[in-house]
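Written out below as structure tokens is the structure these notes cover.
Naming follows writing order (A, B, C and D), and every chain is counted from residue 1.
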Amino acid sequence: MHPTLKPAGEGLRTRLFQVIFESDTPLAKGFDIALIVAILTSVLIVMLDSVEHLNAAHGELFYWMEWGFTLAFTVELLLRIYCLERPHHYLKSFYGVVDLLAILPTWLLLVVPGTQSLVMIRLLRALRIFRVLRLMQFVGEGRLLVESLKNSWHQIMLFLFAVLMMVTLFSALMYTIESREAGFTSIPMSIYWGIVTLTTVGYGDIVPVTPLGQAISTMVMLLGYSIIAVPTGVFSAEVIRSIRADRYSDEACPGCGHDRHEKRARYCLRCGTWLDEETPDPNAEQNHDDDAPSTDPA
Amino acid sequence: MHPTLKPAGEGLRTRLFQVIFESDTPLAKGFDIALIVAILTSVLIVMLDSVEHLNAAHGELFYWMEWGFTLAFTVELLLRIYCLERPHHYLKSFYGVVDLLAILPTWLLLVVPGTQSLVMIRLLRALRIFRVLRLMQFVGEGRLLVESLKNSWHQIMLFLFAVLMMVTLFSALMYTIESREAGFTSIPMSIYWGIVTLTTVGYGDIVPVTPLGQAISTMVMLLGYSIIAVPTGVFSAEVIRSIRADRYSDEACPGCGHDRHEKRARYCLRCGTWLDEETPDPNAEQNHDDDAPSTDPA
Amino acid sequence: MHPTLKPAGEGLRTRLFQVIFESDTPLAKGFDIALIVAILTSVLIVMLDSVEHLNAAHGELFYWMEWGFTLAFTVELLLRIYCLERPHHYLKSFYGVVDLLAILPTWLLLVVPGTQSLVMIRLLRALRIFRVLRLMQFVGEGRLLVESLKNSWHQIMLFLFAVLMMVTLFSALMYTIESREAGFTSIPMSIYWGIVTLTTVGYGDIVPVTPLGQAISTMVMLLGYSIIAVPTGVFSAEVIRSIRADRYSDEACPGCGHDRHEKRARYCLRCGTWLDEETPDPNAEQNHDDDAPSTDPA
Amino acid sequence: MHPTLKPAGEGLRTRLFQVIFESDTPLAKGFDIALIVAILTSVLIVMLDSVEHLNAAHGELFYWMEWGFTLAFTVELLLRIYCLERPHHYLKSFYGVVDLLAILPTWLLLVVPGTQSLVMIRLLRALRIFRVLRLMQFVGEGRLLVESLKNSWHQIMLFLFAVLMMVTLFSALMYTIESREAGFTSIPMSIYWGIVTLTTVGYGDIVPVTPLGQAISTMVMLLGYSIIAVPTGVFSAEVIRSIRADRYSDEACPGCGHDRHEKRARYCLRCGTWLDEETPDPNAEQNHDDDAPSTDPA
């Protein structure tokens, strides 16, 4: 998991490491669950605090809870640093930065007043959940997804680039044709309309009002409706390939040359030949021994 | 179907059981069809009754029809209980609870006035149709779908979790950037906007009005437009895998008992035993011939 | 194509048949193209006639053109009847009915005034294009689509039924929760909202205004966004299966048992055995002849 | 890449050719990057210039920058012509036309005033990026996409044609049913609504207001929601087929010249000849041994 993270020395620090960074003992599992609850609650409080009437009614409570969580996360961060052999490795890692960002905005409030707008950074702490999920091996399920996404990323990006190109040209056309009152006030605004339309979001804040504009926009809609097939097709093909690559080996059978065996296969499903050329066939040995007496009557 | 449901004794109760719980005789089929019609009609009446001007015009008719259906369903429920050997098994089953919920709200009106708001529970009776469809073997078609959904459930949930994460971060950003007048009044409200946008629903009740906000929202739209590929790809791969799983036979190998071979397999992939017990193994034959000279010393 | 349609006798009627019902001679091809142009033009005129200011300006022109096309299509229909041996077969076929419906509304205007509302039936004449396209073998491309749609139809219908079920329950819940002013005035209206939301259309004419209603509607959106995967997955799997079934044969090679050959293969790609057991291998014959002299030195 | 484009003679013109038309030397790569930056900047300026308040503030700056880029692109075009052996081949090619269109609108302003509306043509210069990307071999990634799109094009077009047919009929029905006030003022307008609805864009500028109209529009929505599966399925199957097509080798059979074998094939599927010329045919060997006695009479 964290190949570069090692506990510092023996005793308390090792035990702390096992609780905080691993997830094998009951105590470590309890710590993980407490952490998830704390993260979700603190994220919920940041959200609720932004609702005006809730802030008016419970603002003070939220304020102190935020400080409570910040203190708890700070202690947790210090413990993480304390129990590691090389804490700078951790602090420079992705999760180290996230851990720091989770508490920084609140502490900054003491120094620089009026930094409430750092609310988004505060929400980044939600990302910390992924670490815990990873520790608890929930994320394993998603490896196939991430792998397939990585493999199809280039093609999907190229597709999006071509889409943006078409949107730009269609939008410039609409800007020339359509009325300024309808909202097509500039090319960037038309591009905004184009993306809203092509992705089939369709807010309706900017809509074509001239017959020609409406005719062209139906073309954009049909385009968007059809080419959604492209990323979907690319990704589906990738997932199917990943699943298959996972299960089948391409090595040919030394007996008959058949080359589509499940990886777990030990004998060829076509001719029954032992497939693993590096180890001897246990049955062959056995058969040899069994046959020997009966064919050696002398 | 209902392995734990058995008719109680002989005679009338058994005949009742065959009509109500099975679907083999003409009478039972007639009962099923009558039940479907009754369920659909009663659901339709609950719906129409909620339309103000229809309620004003035909409210009384709807009221008495509702009581008529409730009485009919109550009699049906009592008959179901009467003809079963162990009625508590039925009452604790999924369909038993649905059958009870189908009539409870109307009876409750006698005891607790003003429970019209239980209208949703009343509509649950629509679920009863699935039982009849299952009896009439229409639902078999859907088994592949349900199986594939179950298998891809974990990955689709994980995907939705990651999506919600991204929506939360984007929404908090929009909350910081966008005007309160445009509707971005709080982070939860921004998240509502984010989901409306990412899923490409696009009501248009909350739309970005600042150039920066519009630029960021186009990113959310393109994100939503692209990653729809993920659940689709996962599910497609799963359906294809399920169809292909039909290629596997459940018959155990006579040699080692291994029971998951591709149907086209001729030799066990684990122990190399010839699988087709009805025809002789061509290789074995050949070996036999090869051995012949050595066992025939004369 | 039209197995039951045969020309009546010899001479003029047969030649007419070849022009009207077939598409092999230059004259017949010219007739097809003229027909497509006439159909599209007449459909366009019906459409343009419905635009108020165009009707005001060119109403009379449209009126006479409509009569012109109606007369032409009537003559064509009479010719079709004239040149067929059994015209009633044609008149009762799908395209016979469409041909009749294409001219009926205009003739009806003479008898029953005020039947302008039959405009939709008049547009049905657009369907006639498919006949010409079929004749000209453009539609062949779509056979795979139609086949795959037919095979996945049952599952997609079952999926839509389950979706409608969920929409009904969610809509009833929204009807209970949401304000009547926001548009949730009855359960059918809520279902309309539910379908608008789940299919990600999102007009925005009815939108939730209470926090709880908004929370529930995000669930409907995410549901609709995720389960679009179901019809797509089912149909994709079906198309892939059709393509594959088209290309590969399941028959095993008599030599090595390999069972995944392209249908066009004549020799096993694994062991080189002649695959078609019913006809002799031409090479084998040849080899036999070639070998004969060299192995027969005596 | 440009098989018909060759440098003219030796010396300066060849060196220019290598910089402008190729991408192997550091100088050529620098030129490519400078070109991408110039194209993107000039496109950005055309866009920003259309925003009213930016035009008011920086209009003059944009004007001179546009002239700067036009001059630069003109010089580039002249150099391209200068260093080619047959410049007319280049000028008639796709990229030659795009290069010309990129500078024409600005020069036209000198001759014909008031041609600001050529803004769309000016944006076509964005297409020039694809040439550079192709040179730098970024586009190779997209070849699979383009290939798959080409192969599924016919079917997707046929699908769109059938969809438009259905939209037309549904729209004519809505035009008959729905109120003119709601926006269904003509059949073309209803078709606009139909496409907005079926593609799930759902602007909400035209929405049904009668119960019957709402009922029919939910059918259009569910139709659009379901049949998105068709282009997606067709394209997915095509991508999967393309990936698999990688399994085919182009090497011709030494026996009969057939050149489309699966890569795993060992024998020609048409004439049964051993394909792998580097290793001996195991069956042939065996046959050889069998023959041995008959050719070894001694």
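As a convention for this text, a contact is a pair of C-beta atoms (placed from the backbone, for glycine too) under 8 Å apart; a residue touches a chain by one contact, two chains touch by 3 or more.
The chain lineup, named per UniProt: A, B, C, D = Ion transporter.
Here the structure is a predicted model, which is why all the values come from computation and not from measurement.
**Q** If over half the contact pairs have to be identical by residue number, which pair among A-B, A-C or B-D is the repeat of C-D?
**A** Checking each pair in A-B, A-C or B-D, only one repeats C-D, namely A-B.
**Q** So which has more C-beta pairs touching, A-C or A-D?
**A** Between the chain pairs A-D and A-C, A-D carries more contacts.
**Q** Between subunit A and subunit D, what distance separates the C-alpha centroids? Give it in angstrom.
**A** Once rounded, the distance between the two centres reads 30 Å.
**Q** Please work out the Cα centroid separation of subunit A and subunit C, and write it as a whole number of Å.
**A** The computed centroid separation for subunit A versus subunit C comes out at 40 Å.
**Q** Which subunit B residues sit where two or more other chains touch them?
**A** In subunit B, residues 188-189, 191, 200-204, 224, 228, 232, 234, 236, 240, 264, 266 touch at least two other chains, as defined above.
**Q** Over in the complex, which subunit B residues touch subunit D? Could you list them?
**A** 200-204, 232, 236
**Q** For subunit A, which residues count as touching subunit B in their complex?
**A** 43, 46-48, 50-52, 117, 119-120, 123-124, 126-127, 138-139, 141-142, 144-145, 148-149, 156, 160, 163, 188-189, 191-192, 195-196, 198-205, 224, 228, 231-232, 234-236, 238-240, 243, 261-262, 264-274, 281, 283, 294-295, 297
**Q** Please name which positions on subunit A make contact with subunit D in the complex.
**A** Touch residues, subunit A against subunit D: 154-155, 158-159, 162, 165, 168-169, 172-173, 175-176, 185-189, 191, 197, 200-204, 207, 211, 214-215, 218, 221-222, 224-226, 228-230, 232-234, 236-237, 240-241, 252, 257, 259.
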